[in-house]
Amino acid sequence: MSELQDTARRLLDEGLVQVVIGWEEGPRGARPVFVTSAADCERLIFDARCVHNLATFLNPRRSQITALGKAAVVVKGCDAKAVAGLLREAQLERAGIVLIGVRCGGVAGEPATLAPPALSAETVSARCWGCDVREPESVDMLVGEAQPEPPVTADLDERVAALDALSPAERFAFWTKELSRCTQCYACRQACPLCCCERCIVEKTEPQWIETSPHPRGNFAWHLTRAQHLAGRCVGCGECERACPVGIPLGLINRKLQQVVYELYGYTVSEDPAVPAPIGAYATDDTQDFIE
Amino acid sequence: MTLAYYPGCSMHGTSREYEESLLAVAAALELGLTEIADWSCCGASSAHAADHLLGVALPARNLALAEAQGADEVLAPCAACYNRLSGAVHAVAEEPGMAAKVPEVLGRAFANSVRVLSIVELLQGLAPVIEERVAARLEPNPLEHLNIAAYWGCLLVRPAAITGFDDAERPTGMDDVISACSANPVSWNMAVECCGGAFSVSRTSSVLRLSRAIIEDARHCGADAILAACPLCHANLDFRQSAMSLRGEPPMPVLYITQLVGLALGLPMAALGFERHFVDTQPLFARLAREAEKAAAAAAERDAAKAARAAAKAGAS
Amino acid sequence: MSRIGVFICHCGENIARTVDCGAVAEALREHPGVVVAEDYKYMCSDPGQQLIKKAIADNDLTGVVVCACSPHMHEKTFRRAAAQAGLNPFVVEMANIREHCSWIHDDRGEATAKAIDTARTIVEKVKHNKPLQTIRIPVTKRALVIGGGIAGIQAALDIADGGHEVVLVEKEASIGGHMSQLSETFPTLDCSQCILTPRMVEAYQHPRIKLYTWSEVEKVDGYIGNFSVTIRRKARSVDEDLCNGCGDCQAACPSRRIDSEFDAGLSRRPAIYTPFPQAVPNMPVLDREHCTLFKGRRKGLAKDACGKCKETCLKGAIDYDGQDTFVTEEIGAIVVATGFQLYDIGREQPAGLKGYGEYGYGEVPDVIDGLQFERLASASGPTGGEMLRPSDGAEPKTVVFVKCVGSRDPEKGMSYCSKICCMYTAKHTMLYKHKVHDGRAVVFYMDIRAAGKGYDEFSRRAIEEDGAEYIRGRVSRIFRDGDKVKVWGYDTLSHRQVVVDADMVVLATAVRPQPGIGELAQKLSVSYDQDGFLNEAHPKLRPVETNTAGVYLAGACQAPRDIPESVAMAGATAAKVLGLFSADELERDPSVALVDERTCIGCFNCEHVCPYGAIEHRDVCDMEGHVCGHVAYVNPGVCQGCGTCVAVCPSKSVELAGFTDDQVYAEINALAGW
Amino acid sequence: MSVVNQPQRSGERAPDDSGRATAEFEPRITAFVCNWCTYTGADLAGTSRLHMASNVRIIRLPCTGRIDHVFIVKAFERGADGVIVSGCHPADCHYTAGNYHARRRFGVFRELLSFLGVDPERLTFSWVSASEGGKWADVVNETIERVRRLGPFDSYHGLAGAATPADDPFARFEMPAGATGGTAAAPADGHDAASQAPSGTGDAS
């Protein structure tokens, strides 16, 4: 991936940025890295194991990172959409960052492997299903060779449809079982590039809208709120689900809401920060079949 | 997309030239019309006056048949049929209970799924195709010299609620077709006035008065002919014309819209049934042909002169 | 710690009949934080209020709950009472146990249970009520009037005479509006110009009125009492200080074939022109769209194609290079008086409108609209007041007037009644008959709507004294027939078709709001109806106010209005403005949103949803004072307290006073397990 | 279906409910309504003496735009079997657009709830204007009947397992916090009081 390394080196050499946020080879597979010197640029890699959404590190409240100075960040399609989200919500200034786009043909479900796996229906990450970005458009520079479509994997939509087909009671049983495992560790929140509040609603105690004790009732409140707050914002990068230590299929909820905002308001999340988010905008003729 | 064809009584009777020209045009444009098997009367113009349900059910039967033979659109060239069929579609869709009652009285399924097309809608949609074909023609085109008044009558665009494909007071669709045929639409005042319609027999005097006003206004506004899209209108304007003492002006030919399109497509006159008209169309076409030739000759002359000048220049240098 | 007093009203029998008020008091006495709970026959009565005041004093209450009728009924009453007893009025709430309980249930047990729940819910809420202070904001005592028609002129004069400065903005080159185009006015037939011109001059010369003609409102910032309005002064190409209005430039202008707006297209004007002789200010404007010189410049010609007016002007007042300029005015209140236009049924129609092609307007020269007829009848008009028709200048012997063209016609036009047409058509028939004594005036009408002082008498006069022929029915078609105009109509009284061979036809076309009203409404954040007329705050009780505080409506921008009504509305807006200006500060309900800057991350979701533009950006600085971020700030002067921002704030960093999350949470909690 | 076995609703009923002691299940409906249209419409229902079932408790807010999805979640947590959200008709919003924003948020949230297994039948969204007292009565009665058919929402109430508010009838109320706090006016009181009843699961008892 010398093209990526050279680009990074040039940016640092010319002092255009002080840090390049990318991926490196770690002891247990690919991991994020913060390169601050041209010499270290050789550490930068990009392959199917680079699943982490690096936009997360652009959250302006990560002071230890902002302290490093102006950042260039390596972005796949899903990462670029997340950056657009941060721009849309005035969390970043476009001029304040450099985006190095990588052509991406899908990533693996599991980054912790010593060699990049051959992408197959088994190994590819579920998040890549239906991904429409082979090369991000909103970037300052683009590296890597053209990539094929990711292999077809288990269709998220099919799994959502399967749940939709159940009765509410059955769905409730399903989610009660899933959510009962939640310990409200908030890893899903930390991994999410768009969950960037200073003080999350769950940490607001006056009043305590969301019960923090990890019983299913508090967990329902938490996941309902997390999902609602991400409705029309979630880019489907799947990091929340990957981060979840107890394996709650959050991807299903996120996907469902992506479908809903599309069906109701024709909205799909894009790389263009100028497109207003569906929640917070409205049309006078919005659907209201559900209103008596 | 299959297009069913509902002839109605006139197309097989008083207005055979309308059907002949329609089928000729349909063949030329490869429309694949399939006549509705076992079609029956649309009820015009008495059924709806006698009983509302009857007035809906009669046309609905034919729509149901069209449905059954897998059509999504039905062409009703006769304005009265078009009006009744659209009326039925509207009634079944809008009136409470109708959707249930109609299949019941028909004794057959009716989903009200077919769209009713008027001849004008159909041809307006094909205008670009027609234009192309006209442009492709080489020989001098007499139609370029034809000033013709588009006559809609009352049934094609009224009531707006059930027809509504064009403005009820100032429709423009037929003019589009005329222009596509390279003829010149005339701006006049009687386009949507009544010709007397079904009173042709019962109160002929009224029909003569009304139809005559139409013909006079057309002439007054500089039309060589009137374009009709309704058998009844055509009958009143064409067949009754001799009975209107027209102060000795030359008679006013009345063409069917399909005949005009046929001419534009270059189909043989014989195939378009002009000989069936009461007002002879030959003098008009003869005149147009002469003018076309004159124009062609003049053009040729100009070209020759230009060529000569060019040659002279070339020789000089 | 909360010390709440609960006061249960019997409302005579209204509540007590179905709710056991004693039991409610009993239950509430047990309720945590409640120190006193009493029931009484009429809490809103004077002894009832005394009882509450005494309880407040005796028990040193920190909150009061009155269980009685709807807060819409008596919240003010009880808050006032509490205030008199020294308690902050905003810690007083009402539990609605009448409209929402005793009146809609008959089972005494159920009703009582519900009343107790409701009372407890509100008690829990009140525990979190904060004492609030009424918001006071300063008022800039200058008014902006948009539109220099009769309504705008009247409003400006009234406010200025009231002692305050007024900025009057008119988009045309002269003030006067439509009224200056009218010949005579109903129901008195006095000359429009004669009564209007003095008012125009008065406004122009008024020491406290600043007049901007050929100008438009570009941008409106701020809020009631504190607007900042940017005005675009369109390049006039004539220096207003140098020009003495001699008119030489107009005589010199070579392009003279431009339709005159003032004569509604019935006469021609040069490219540099004064709209009409009595124009105020009496100063020309250069119409750059039609000017030969500017046409040339647009084509990119090397040297200017003309320059006659500049050569002729002895004062050197002509300036071809002037550009639009912008001025910003500090304003306290805004009066919108942008007036109307007539529904042009001829040309291209906006979405939803079909026009009336069958009436031949715009194609048959002798088919004109009401305003054109005013010009034909006007002594200052293209015919010098002689009744001559446009096509050939002949005197029309038969004139047909058609009313309700585009009005009261949901099918093709407007569903509403344009209101002024009945009267001006009656006037037109008179003006016509007074000029053409042997002429026929035929009127097609749907109804004669002549409500108003002297109006019916007036229209009767048209029929009975001046012999206008009124035919009740609509017209189906109007077309040219030789040098005649054929009118086909129907008489619905005698049920026969009517055909009139007219020499001229006058269409009373519908009254519509000015073009561009939508954009202006958005600048002012005033709502408008489906027809584009601006919405008043309340159709009966607040007819000249809008939902945007400090913005008022005068004249036909709100609905079709005649002159007396427009003038009356103008006076009303002036009264509102002067009332607003009578105090140095104005008071506002303190139920507004407040941002917690410690936790706001400046995503500005709140800004996107705020209907009032009350959200501002505030810089956050680090220790060294460098800007390190932005947070939202709610301008309490602008905020109306809807709370939409609160609901969309992901981190719950916005609160709405009076309806805080704490309060709602407590209410929901209080309902648990009822 | 119920994941956690629940005590009978009768055992759960707070003592002040004497009037509702009936074998049949009586749904509890919490209604969040806007101040200008629906609340006033409900007032009109009252002044018109339109009788309706008594299972609805109204919480008044300035505008549907103020209504947050967490209100609904909390209402279910706190024992509601159904929830009504009601405000001004489109274009009638006192604040011009609050209802439009609410319409979008709840259009999405309703789907989300349903996806997580909360039967949308338990939720009523409606536009009720100040002049629609009759419509309000219908909305109330229809919602109650619908929820009555669905039965108690124990499955949700019971998610927390053992402790339910009803075990201690006063658990849900802010208790006089003995020593702490000054006057209700001082922010301190409101705060520590609220923090005392974070979940209402009887911590105060």
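First chain written, first letter: the chains are A, B, C and D, and each begins at residue 1.
We adopt the following convention: a contact is a pair of C-beta atoms (placed from the backbone, for glycine too) under 8 Å apart; a residue touches a chain by one contact, two chains touch by 3 or more.
All values reported here derive from a predicted model rather than from experimental measurement.
Any chain that touches subunit B and also touches subunit D is listed here: C. When the interfaces B-C and A-C are ranked by how many C-beta pairs touch across them, A-C comes first.
Comparing each chain's Cα centroid with the centroid of every protein Cα atom identifies chain C as the most central.
Distance from the centre of subunit D peaks at B, each centre being the average of the chain's Cα atoms.
Between subunit B and subunit C the centroid-to-centroid distance comes to 51 Å (mean Cα coordinates, whole Å).
Our note on geometry: subunit A versus subunit C, Cα centroid distance of 48 Å, whole angstroms. A separation of 39 Å divides the Cα centre of subunit C from that of subunit D. Between subunit A and subunit D, the centres computed from C-alpha atoms are 35 Å apart. Counting partner chains per residue, subunit C has residues 609, 648, 661-662, 665-666 touching two or more of them.
In subunit A, the positions touching at least two other chains are 201, 206-207, 209, 279-281. Looking at subunit D, one finds that residues 74, 91, 97, 101, 105, 190, 194 touch two or more other chains. Under the touch rule stated earlier, the contacting chain pairs are A-C, A-D, B-C, C-D. On the subunit B side of its complex with subunit C, the touching residues are 160, 167, 169-170, 189, 193, 220.
The touching residues of subunit A, counted against subunit D in their complex, run 163-164, 168-176, 201, 205-213, 215-218, 220-221, 223-225, 227-228, 231-232, 253, 256-257, 260-261, 264-265, 278-284, 286-288, 290-292.
Across the complex, subunit A meets subunit C through its residues 60-61, 89-91, 196-201, 204, 206-207, 209, 229, 276, 279-281.
Across the complex, subunit A is touched by residues 598-605, 608-609, 629-630, 648, 650-653, 661-662, 665-666 of subunit C. Within the complex formed with subunit B, the residues of subunit C that make contact are 354-358, 411, 477, 479-481, 486.
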